[in-house]
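Some structures to go through are shown next.
There are two complexes below, and they share subunit A, which is joined by subunit B in the first and by subunit C in the second.
For the complex of A and B:
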């Protein structure tokens, strides 16, 4: 029974981490129709900003608050300078964003000397219930993920800004004719996706430590999650991330971890074969 | 017609292609460090270093390259080897075997080096050894701690083997931890082979292996493993999970109360570089067994001198640490120097014959000597425990420990 609780908590917390990382990727992929291969590096940058704040003596929490703004701002600039030239050619966009990611990753590797650096959590220690120990910080991540998910949903579904984003997505020509600056909407959406990645990086860095390949680890999982969830909606990638995160955390409890690692992808590919549109089909929220 | 300029014409394609293929053919030069007197009568002795300057284990490769620069400078400042200067050629193996083979081939075929030292991972050694030893007909020294069983002629290993890292360490762990071992491991050759040896030593000393499990190299969530360790009341976690997984793994163990309940972490590649992966309290009491720790410097003047010299020449993030093969590199170069002196020439067979029984009295952590016929190195071994973010030496081998290879 004890084991069951621990297992459920650990699976939930890893699922939350994957959802948090995929959220930004999903929003950019669904709302803008491009796969951002630099998303993993935005996660890395969020982690790096947190590290820099910690190193110059600020509290880690301050770095975590600053990270989404810093990464969001960089995302905004990159969209203006580079990414917007690729909207007409999604394949080229993949390569272009991959190159951006490579530049960011290797720069960070140089800056941290290729080492693995530990960053303390703002709220550390364990939550003790009888003989059970739960990681406090993982619990915080689960809560923040829930809040961010709810916040993003409200932003996209209930505000006029969200309406304009969806309008630009569904029918850019009509949106422009109605006086919406789709250019600006795209910039802001991309920046928002990047900011979410930055936040994810800031929150997960105490769990996984800072290293240059932090983002790559999640990139593949993120793409599989988006494919399984379905491109085009907000709910799709989130649902996909939940499924992939839960599976990758749950399978090692019942089988050899090396087999589990492969099985997640086999299951995902099989699923996409029989339901190519993903868990949630159609556009919208 | 605005786009005319960007269109790829046949002529333009050909000119780009020609330029690109010329660039590929000529390639970027290797990093050559020639002493001022490299034009001496007999010419210089060429020493090739092939190590991972870039990529995920760049932090280790750069330290090794620095050690080589330091040792070569010392030798050259003291009048060279056999009266000839040493020319150091450093090639990047880029943590990538296919890149490495090409670059090592440059050392062998273009630069015609007299010896190659390098490679950090076992997969790298396996990728480049044939290029160096078999087709290249050159001497090769591999400096990193590894899983043993490398018995290729002309290939000499100067890092610790499983016997050196386990024979004294595991009895210490049983005494200072307990009898119930878990062997969580990354799924590649070093952990697999090391665990076979470790299991033998654990069982011979009255311990038992509760479980031995392998994980994908990039796995970073270990909740099920941690749970098995806690619920099976494991005393000692003999870890061979590598970065990036090891940080989250130790953290999850800590959060699950493993250390609080008196558990002991053990990890034989842990050195000064890897201490920073976790917060100090998360790995308090972690035990490692290596040929050198910085903690030795207060009572070993030779180690202190080498460490101080390195820190003076190369302040920064690339530490002189045993787990990065930096000590193995130092030992390898010094043993080779001794062998060349004895042989009186740099020709491969003569140097290999002398290197077979070469000895040095001064090295990081103590003296070292090759075991004749084994092409592996006897050295002193130290057990250290992490305390508050640095190491404390808790046990030393009585003399030089035998590698028990080949």
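For the complex of A and C:
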């Protein structure tokens, strides 16, 4: 019975990690219609900022707070300089962001070398419930994910800023005619997506440790999750992330981790093949 | 666009009409003469570049001609490499008459299965789905190879025996170089014939405007699956040569790293022209050889920046510096006018 609870907690916490990574990707893909292949590297960058803060002697938590702002700011600049040229051509956007990701990944690789750097958890210890012990940090990740998810939802669905984002998505021409600067909206949305990825990277780095190819894995996982969930809505990517995260965490309990990892992707691709619209096929919030 | 007005464009006299054959001949001459001036260890390096050119051609066919974004081309390259390495290790067969066809077959079957699954079916597949599916395939294969003891795990399969032709042992050096060159030229001519046939015209149409080609009555998905399978076979050919040339195979050959590499070659050189793929590979590999001693750490970053600049400002790649857009796209068919079709 205890093992079951521990397994459930593992699954929940890993699902939360995937949701966190996917949220930014999903928002950019759904709200802007481009697939950002640099998103995995934004995650990496968030992890890297945390590492830098740790190395210069600041508490890890400070790095984690700084990471989303740093990555968000970079996302804003990149959108202004590069990504905005690609809105007319989604395929070129894919290649362009892929190149951006390559630059970031190789820069980080140049800075840290081929090492795996471990970073301590800012809140260590374990959470004890009776005879059960849970990792405190993973519990914190679950809580933060829930907060971020709720916050993003409220931002997009309940505020006038969210309304403007959705308007720019639905009908850019009409949005511009109504006095909304779609240019600025796109920049901010992209920066927001990047910031979420940065936050995700900062929070998960104690769990996964920092290495240059950290992003690739999450990129593929994130994309698969977005497509399983369905592009175009808020609920879609979150649902997809939940499914992929749960499977990724649950399957290794019954088979070898490598096979489980591959099997999740195969199942997901097969699912998308036969249901291209994903779990949640609607648009909007 | 010039292809919208074929008769006008064909009638226009152009001094640069013949640029493509000239470039092709020049590249061939350089490649044919290279071993005469290069030192031995450079010839070995150049052989590897030729094999990578072959690999780049396979990606150029799917992306440059049919508009299928395959981030998983290395899957066929690597699995053919692993396949022939296993044949050499476990069956002790390294005859060129066996291993090269085996590599081609592995690439062909692999691409047929993956391409059939991703591209065919009731719902037409979106570009993003195909690119994600191929990328996932490569990633998954990489993971499996790393974790599978039979395939050597992280280390791959070291010290594969040399390929042999009859009783002659083919080791790296000028002979291997010219063999690779001969294969590259043969495959290049085959591809050239293919992309300038009616089939190639339909493919180019697919890349430019898929819906219109569908309205013309072509079975778009079948065309895509065919070219994908074919390119898989070429990647398999390249992979088996690569395995024997390097003498070992390792998981990176299967994974996203190698796929990224081939995307770089082709986009840099110029997707949509066969010679662009070759030029891109040669230029990138040559420069990386030069820089790898002194600037090893920042070279990948420079590559990324170059790629980004090319995508932003020169989407047609290096080749477009000397090749006109009209010639790059190519002219097709036989309009029956005097001198109307010099380049096709």
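A few notes on this one:
In the analysis below, the second predicted complex is superposed on the first by the 280 of 285 C-alpha atoms of A that agree within 3 Å, B and C clash if a C-alpha of one lies under 4 Å from a C-alpha of the other, contacts with A are read in each partner's own complex, and residues count from 1 in each chain.
One rule holds for everything that comes next: a residue touches a chain if its C-beta (ideal position, glycine included) is under 8 Å from a C-beta of that chain, and two chains touch if they have at least 3 such contacts.
On a predicted model such as this, the values are computed, not experimentally measured, just so you know.
After alignment on the shared subunit A, the placement of subunit B and subunit C results in a clash.
In the overlay built on the shared chain, the residue A:269 is in contact with subunit C alone; subunit B does not reach it. When the shared chain is aligned, subunit C comes close enough to touch A:35, but subunit B does not. Once the two complexes are overlaid on the shared chain, A:109 sits against subunit B and subunit C alike. Judged by the touch definition given at the top, the superposed model places A:96 against subunit C, while subunit B stays out of reach.
Of the two partner chains placed around the shared chain by superposition, subunit B and subunit C are both touched by A:256. Contacts of A:85 after superposition on the shared chain: subunit C is touched, whereas subunit B is not.
Judged by the touch definition given at the top, the superposed model places A:23 against neither subunit B nor subunit C. When both complexes are overlaid on chain A, the residue A:14 reaches subunit B alone and has no touch with subunit C. Looking at the shared chain after the overlay, A:224 reaches subunit C, while subunit B stays out of its contact range. Under the contact criterion defined above, the residues of subunit A that touch both subunit B in one complex and subunit C in the other are 109, 217, 256, 258, 261.
Note for the complex: subunit A touches subunit B at residues 3, 6-7, 10-11, 14, 109, 112-118, 120, 125-126, 133-136, 207-209, 211-214, 217, 248-249, 252-253, 256-258, 261.
Contacts from subunit A toward subunit C in the complex involve residues 35, 82, 85, 90-92, 94-96, 98-100, 102-103, 106-107, 109-110, 216-217, 220, 223-224, 227, 256, 258-259, 261-262, 265-266, 269, 272-274, 276.
Remark: subunit C residues 67, 69, 117-118, 121, 123, 125-129, 131-133, 135-136, 139-140, 143-144, 146-148, 256, 260, 263, 267, 297-298, 300-301, 303-305, 307-308, 311-312, 315 touch subunit A in the complex.
Against subunit A, in their complex, subunit B makes its touches with residues 55-59, 62, 187, 213-216, 218-221, 223-225, 227, 231, 243-244, 247-248, 251-252, 255-257, 273-274, 276-279, 282, 316-318.
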